[in-house]
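Residue numbering begins at 1 within each chain, and the chains themselves are lettered A, B, C and D in the order written.
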């Protein structure tokens, strides 16, 4: 895929929005990759966490909003706890989810859930998933 | 009647801003002649009393140029200057002098352009503010 | 009143075209104190200088103002000229009417008006200038070098070879520092001990070098050129003159303790030689681990020592040395990666730090140079190297780049491949910094020919499974997570100032940064000196450095001192602070503002130490009573300049 | 000693044995969990946005009610509730403006929340207030030769500022196990994520994660693992039958709440009711070790 880098796109309004919601500066990142190294679910992601930061620095926010990655992230905070620059990467992931959720875009639709194990499911599981992933 | 031409006293540290002003000269960058320079070893040599004296003697603006943070030839002189200037600006207000008439800028020996631009902007600003009020005079706008 | 001469230069057309020099000559002739005024085409030329000199003699002038180009160009030219005819060089002022006037303004009328003000300020300042002489003090031509690593060794040898006495103080029982622990050195792969031991021997034998080992600097009094240094030496239980190095004492010692030289990978006795090539070559008793001799708990070594070199009654000693200049070369330590639980250092025996790996590579190391891992003595077939372990991590560890790790890690990988040709080294890196001479070539070759695999990413976690070390990392270039089952892991730990530096700098009153590295007088222009006059810096005490840079800096600091010693007295610029003792209230505010420690309270008066004062003026503007003044830039001078500008 | 207690939803549902065993164990230590009144769901996950106060409401409502009931602190067993309540409390008390706004949202409660409630996990109380020394005295049936791995997961140790112990190498649960006479096993995956709520949408993620954690525990010699998170317990316990289908060499491990083993060691009888809520049989191992 081609990224057209230009002055308008870098630090565009969507980047600012992500920074506002997360309270993080995406330009702090120097791409050591520690967030991805420690991520327990990175194998299921289409964009790794360090690439999320990198794309954000270019202003390529849409690509992240449409990615699997932000929904695979389970906020275990391993990335945030080890970032050498103190970036709370999990908060950035949450910001991307939030931008989608506020537009009504989510990946959990309560009416279409598989109910096979429904009785076994602990309440916290359902509430969690819906809070994080239902638009 | 002649338009108002402000008088400005410039204190420049020898190592950075004075050299920056020299560079503006060797690069032939033009700026207004209102500021006249007093050279000091370090911006931290400038006593708030000198600044007050300048205003009292009718200086419409006072400019101080020092080295960028971390570049001070004497390690921390510029930080001392910054603290003194911040405090003095608050006092100026109480004395009825617009604190904007006092300007501190970090200009390195390689920033001839910045020196000239600073002089242009500061002179223009002071020109718009009009003459400095007499100390003890009415409120300054 | 002072008779002043004013000389206005045309500088060809450079000044004359914009500034009306004839008008100024006429106008300023009547200005207060001006005895003589003239203008000339090129004042800096020989005829121009002669014109100034003749005018001084003819009119018996006390001082001169040269209105010309910037003082950076010709101030010294004219100072020399007037000194030739017996006028003090501080009776000269330059009015900068070229760079700061004729070249930057267009209106002839305005430029002339401004030039007039500039010349008047120069006259006003000159009117109150005093004749000054450089500040001088006697100079003791002896040097103290603190730290016996490669930096201290190099500096000591250069100065000693230059003919001056050196006092070298080392905290440990031998000189050699960390360099003597290294196997081979990048990028040439020559053996560290082969190039260092001859220098150590030279230090031991040099007639101009006095060596104190097991010693520390306890106090430094006085000032640049005239320090009195107090050195504390631990008790010397083994007399080096009697000791024959037979080794019977070590053989009889029942104590076993981890060996520092081998970074804890081997053992030593409580009476020991730190390593075979130690200088001074003698035994030392490690009192912390010795069973003790007050009362004598064991006494085996003394019984075993035939020449009777062991004396349990020896006491610590204190020495005093007169010193003119001091070089601080205290080196570095590794950042304690025990702090990093996710890397398992200290928990897993096969996770090592860089210095431990050096010992395994070294022919004098615990494995005799064979590549064997500590846990089970097997040959590691795959090794993971982790760079930036603790470095570049402002959030949790060190914010700085430790600078040498990129190169030594690659050297490790290469040397490993030499020893285990079918072995596979992996290097996790964030960025590669290979700016030294032939450094990048060294890396390129390793990647294309030696089979070193570089992986761009930071390692998150290391743990043991069976006899393997599992390393979780990331290749940020492919965006893929990496898992490597390695036999051994080497952490390139960050570099921090050596232990004990914090106390030392308090004793020496030197500035350090937030990590504890010494601050140089100027980061670009005075990198070999401390801000404190008389102190010089060499090696990693200033910041992480490789061997070539350390040696360069050490020789540079030595050269600085040799230049200093080429004079019989120490002197510097007299534009410094001065105190009116009658006005000083002794409040001491100035003391806190002085970055050089030049202001001191004596009998209730804040005096100035002329040698230490650099003349910045910070204390003067801080002085609430106006007791402090700067020579030739007094408050009165500044105010009269302000007045004339606004006049 | 009475301990004001916030249970949370799951301890009244799938994790009833967690609550029951905790109460019984604490009774042996002369302590009682006193359930606070009118509690509601904690919100289960902390919202990490800077600008979404609504998502903090559920947590804060509980804290407000606790304050109104005259409590100074609440003790939490569930790791998720602990983490969410603790972080919401921190978020809301950092900024008076936020606290005021949240109070306005909750006008129905009549009283306002001042921000005074302290939140503790039971593990912290056991270590600091009841103390391990006292527990050691009360151990009746030491869990001899039972090799147990302590699984912390994410929420007890991250973020660092709310961790109940060192966030990279905690030992608080291991130390408790040792006090109970068991053999605690340190295994590399004890701080890893179990896949959490991915179970709902991408169960393969949770299966893989749980498999790796259980394998790591097994390879390190664990015969069982303990947790204090009902979501971890669900993934690690319930999903084992799925893991078995995907990974042939997989060895099942029983998963306990730490309170179950604590109750057992303190002399409480193992309850068949607890076993019913387990998915992997817990009794065989306990029988093998002559603990029941």
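We take it that a residue touches a chain if its C-beta (ideal position, glycine included) is under 8 Å from a C-beta of that chain, and two chains touch if they have at least 3 such contacts.
This structure is a prediction, so every number in the text was calculated from the model and none was measured.
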TODO: Indicate, using Cα centroids, the chain positioned nearest the centre of all protein chains shown.
DONE: C
- [ ] Please state whether B-C or A-C has more C-beta contact pairs across its interface.
- [x] B-C
TODO: Report, in whole Å, the distance between the mean C-alpha point of chain B and the mean C-alpha point of chain C.
DONE: 35
Task: Distance from chain C to chain A - Cα centre to Cα centre, in angstrom - done: 46
Task: Distance from chain D to chain B - Cα centre to Cα centre, in angstrom - done: 64
TODO: Please report how many Å separate the Cα centroid of chain A from that of chain D, as a whole number.
DONE: 26
TODO: Pull out every residue in chain B that's touching 2 or more other chains.
DONE: none
- [ ] List, in ascending order, every residue of chain C touching at least 2 other chains.
- [x] 342, 461
TODO: Provide the list of chain A residues touching at least two other chains, using ranges where the numbers run on.
DONE: 43, 78
Open item on the list: Per the touch rule above, enumerate the chain pairs that touch, sorted by label.
Closed with: A-C, A-D, B-C, C-D
Open item on the list: Quick check on the complex: what are the chain C residues that touch chain D?
Closed with: 340-342, 461, 463-466, 470
Task: chain D contact footprint on chain A (complex, rising order) - done: 20-23, 40-41, 43-44, 71-72, 74-78, 80-81, 88, 90-91, 94-95, 98, 107-108, 113, 117, 120-129, 131-133
Task: For the chain C and chain B complex, residues of the former touching the latter - done: 70, 72, 96, 98-101, 103-107, 110-111, 113-114, 117-118, 121, 511, 519, 522, 531, 575, 593, 595, 614-618, 620-622, 630, 633, 635, 638-639, 641-643, 645-646
- [ ] Please name which positions on chain B make contact with chain C in the complex.
- [x] 7, 9, 19, 21-22, 24-26, 28-33, 36-38, 40-42, 44-50, 53-54, 57-59, 73-77, 80, 84, 116
Task: Complex contacts: residues of chain A adjacent to chain C - done: 30-34, 36-39, 42-43, 47-48, 50-51, 78, 82-86
